[in-house]
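Chain naming follows the written order as A, B, C and D, and within any one chain the residues start at number 1.
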């Protein structure tokens, strides 16, 4: 009964196989190797973006911080949801890399509304030299509340950002789950909706530690490369990052894994919602459930060895992954029900 | 004939096995897992340092930059050799992380002399508020020139640093090769000689991408953890960094691999030194050879498909690794000889 | 009718005289001069703080940013009111100097409540390595809303900060107005209430451009000096900063000027409150009035040449200074009344 | 006998008068005042640069650091002479503001030679992502050795910089002395020779603390304004910075003062060169003399109360200013002669 995080899941065998295949003899370092070339192409194909600049890093925090630093000047403001990972869970990495200031926008269930974003930008934009200048907008999808944006919702936010001359970044730490859950194509959720730069997360979807940063317009690719090196995020043996991604994207594996995780979450959230005294805090649209449980249920679950994030005040955060089983979900529900 | 870099080598099977073993079921993220506990202990045992604080990161640049940022304040100077990796090859990462200024010390064959270091510190130390303040000293062993320090030489530099109140960092990107070549113990080359913090390199020694940062005094461990996170270098699935290190340190594998690389380099450098028109630029004491070759030899080598770093003006940098074979060396020598 | 800002006022003749007196012959640079020694002593005497470390800079933004950088580590959070100058009006200078993240606390009329501060710190404090760590608290008095803290209110906030191990900084850009309005002594509003570091503003109180940063505990004085130099804020001819402060503090001039400004503001705010269709937005307790005026009043005032900050939606910000006259106030009120 | 620094001189009466004239009644803050408009125009007229963007700051370190931060990206290298003020005497301020790395170029008597600069840039330029990228060049005139560049020498360096696509900054902390000593026009020493940005020093030339940063191409003016604010260097009462400059530039006062300082230095250096046992270390071409004196001369000078910078090993640095008198020089020479 492991619902602590999708970061706790192991890697699927296909990814391990890809690593094994990449581990054949010497290869030129720093990305000048065939595995990197192949993985870059796989990302472009997946996103229907043949011109995109694609870079691999090992952590989601690095992907977001480096992307935002490339998009926003040091005297700029990055607008994000008040619960965003970049605001809450990266120990100031986006600010460290960019020098920028994060300004938060409220919104129900982890989503920014276009009007709220517009108001926030205007509130800042009317100021003069004394204020940080609007610099970029970043969204998260799947949101930190476990909810989703539709392509239209993303497009509406992109229109607001672009109307103010701001680029739009998408933190896709769980992008696979978002694609799987919405049924939209990767392109529809990104560049077709106006996303300029994507943090394409692999780690939470089953990789050891690999994320792709994708610039749909490659104009600032060289700057990104320098920032990545300067941040210590350029792997000498880049093939091992690339191979993970390549193995994961082959034959739709990444989406199959995400669909499974989402299905397990649906089973879990529906089961919890049906229990007396339990309630969902947010719509559980992807692979995360936020629920309120009676204290007795918490006690039973802990006694049964269930691992999850107890947020206090009766709240639990439960995350499913590609290794979550239906039996595990059912055992959790049984323990919760008592 | 691959002598371009030890960063080009694949991983030995024992390391891949360790990754496979770590890939069993869910584990708590961010280092709260058994693989990390075991690897930390393996590093401590290897260094005879039971109290040391040990942290894993994926790149050598991250290890150095984070270590120096923890040791040196933003208004400080880090003293290093003029050819040091931190000065020449990290695109300003140490300055980015620390805010400090690197001040270089000259020295033959990649080594700093104690008197030269002392003079550099004194030259800075006599200044007042207008000058950056002496903050830390960093050595590299194996040096960038492919030479070594003896434990006594390190101790002499440590005495200079400590006499000025400065901590001593050792960039051990090729620490395995240094241990193997000197016959000194890991402890003798580090804390017993006065080293305060070690970047214990694994990547050049055969790992996918894993380095350990070791604080022999754990007082600043929490600060380091925050800096690591803030830099985007904390792996959620830390077990995969740890497992690499653990597999590599078991049963002396790391030293066996390094001994092989060093032996291949000795065969190569001795062969080159004996060729007419060839000369070594630096003593080839570990796994790197710098040599001057006739242009005709360069032409023959390239025609034969040899991969190495052509530095211009007849100079070549040649690096051996755990996968270099005697046949490969002999083929290189034959092509060079013509 | 100049109510645009107290930054628009000229310098009183006593300050110009002090500059003239400091302008006699050569003096050692960088603060090693008699005028600096005298001004430092005057600040200490004013604050009844004989051991305090006192440094002069030219702008309030520099004073705040350098003070906070000395108090809060780069991975830290500075807690401030959501309307604070450091958050809204310094273009990210506190973040630039400190690397820290500002986290805001709501509160009526520009004041933080102890319970709200405590909740904000606890909300952050329960997090682990993923979150910036509580680092410092900063208050503003006179607040940006033109209101005041009593010594007891400051002490209550200091108790919260100190209970969490955080130092308390006071942005006293209008400290003179606060002292004059409360009748509390400078010591009672600062160290006696638990303030650790004070930005003692002089510019808004009548100086050309001079602020004192006061560390009641001098332990980090040398670090501050290095940060000041590194920020380009160490004046070579420091005597001219010091002389301004010295002239201003002599014979209670600074408080006499502030009392006058406060009195003019009282006349203005009371007059406005009595006008039909006008209302105060915040209690006008020092030298700033926020008021809502009918659009017709705005039109008449602008036609009459009144200078003030039109905030939109009928709101005006009006600031009085040591040169504001009763006639000017009355003319403003007459124009507003129509 | 004050030869410690030109930073020790007071302000001439014309500058104090200009401050008094600027001190009449309220004025809009942050540079939106008539004094600033007039001073900007005076700087443009002086430099024959009607389109230039002109900004005032209070210290030379701020001027240099902000200018270089605007010119050079964080992953860039700023090339400077090894003895440059930015390298030696600003406590890392240029790096703090820019994030860039300073790379030094050797050169006799404080001057860079074009070939040496070219070699330094090429040495860096051939590197790839691992190296900081060439970003900007900065010269100092008057150099830290007290020597001068001719317009042709500056033009030769500008050609090197521009051939590599790098902008050229001139640290003109003693620009007045350089103009006075060379007889070249301000335009000939700057934009006509290829200088892109000038730190136009006023403080060492007689001001309280005022420097102008001049962008001959105003394209990056807004970025500079934001950087200045973010650094805490935007004066609310900007008129007092501007008035100093305006008063100083009127009727050629600035050059008259510099000519006097230079003449006193010539008298001093020629007198010293004629003394037995004394020798000039560098040609004393402006207002600074570096000389070697017998220890007995040092002893006599100190006994006589002479103030100067004793650099050790018999060396003295002696600086003249607008208040240095011939009698003072002669008294120094007499004491030195014994």
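Simple rule for what comes next: contacts are C-beta pairs under 8 Å (C-beta built on N, C-alpha and C of every residue); 3 or more make two chains touch, one makes a residue touch a chain.
What you see is a predicted model, and the numbers here were worked out from it, not measured in a lab.
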item	value
Centroid comparison with chain A (C-alpha atoms), farthest chain	D
Chain pair with the higher count of C-beta pairs in contact (B-D, B-C)	B-D
Inter-chain centre distance, chain B versus chain D - centres from mean C-alpha coordinates, in Å	42
Whole-Å gap between the CA centroids of chain A and chain B	33
Interchain centroid distance [CA atoms averaged], chain B/chain C, Å	50
Multi-chain contact residues (two or more partners), chain D	30, 74-75, 90-92, 96, 129-130, 226, 229-230, 234
Residues on chain B engaged by chain A in the complex (per definition of touch)	2, 4-5, 7-11, 16, 19-20, 23-30, 57-63, 65-66, 90-93, 96-97, 203-204, 208-209, 226, 229-237, 240-241, 307, 321, 323
Of chain C, residues touching chain A in the complex	74-75, 88-92, 95-96, 99-102, 129-132
Parts of chain D lying in touch with chain A, wherever the complex brings them together	30, 73-75, 129-130, 133, 223, 225-227, 229-230, 234
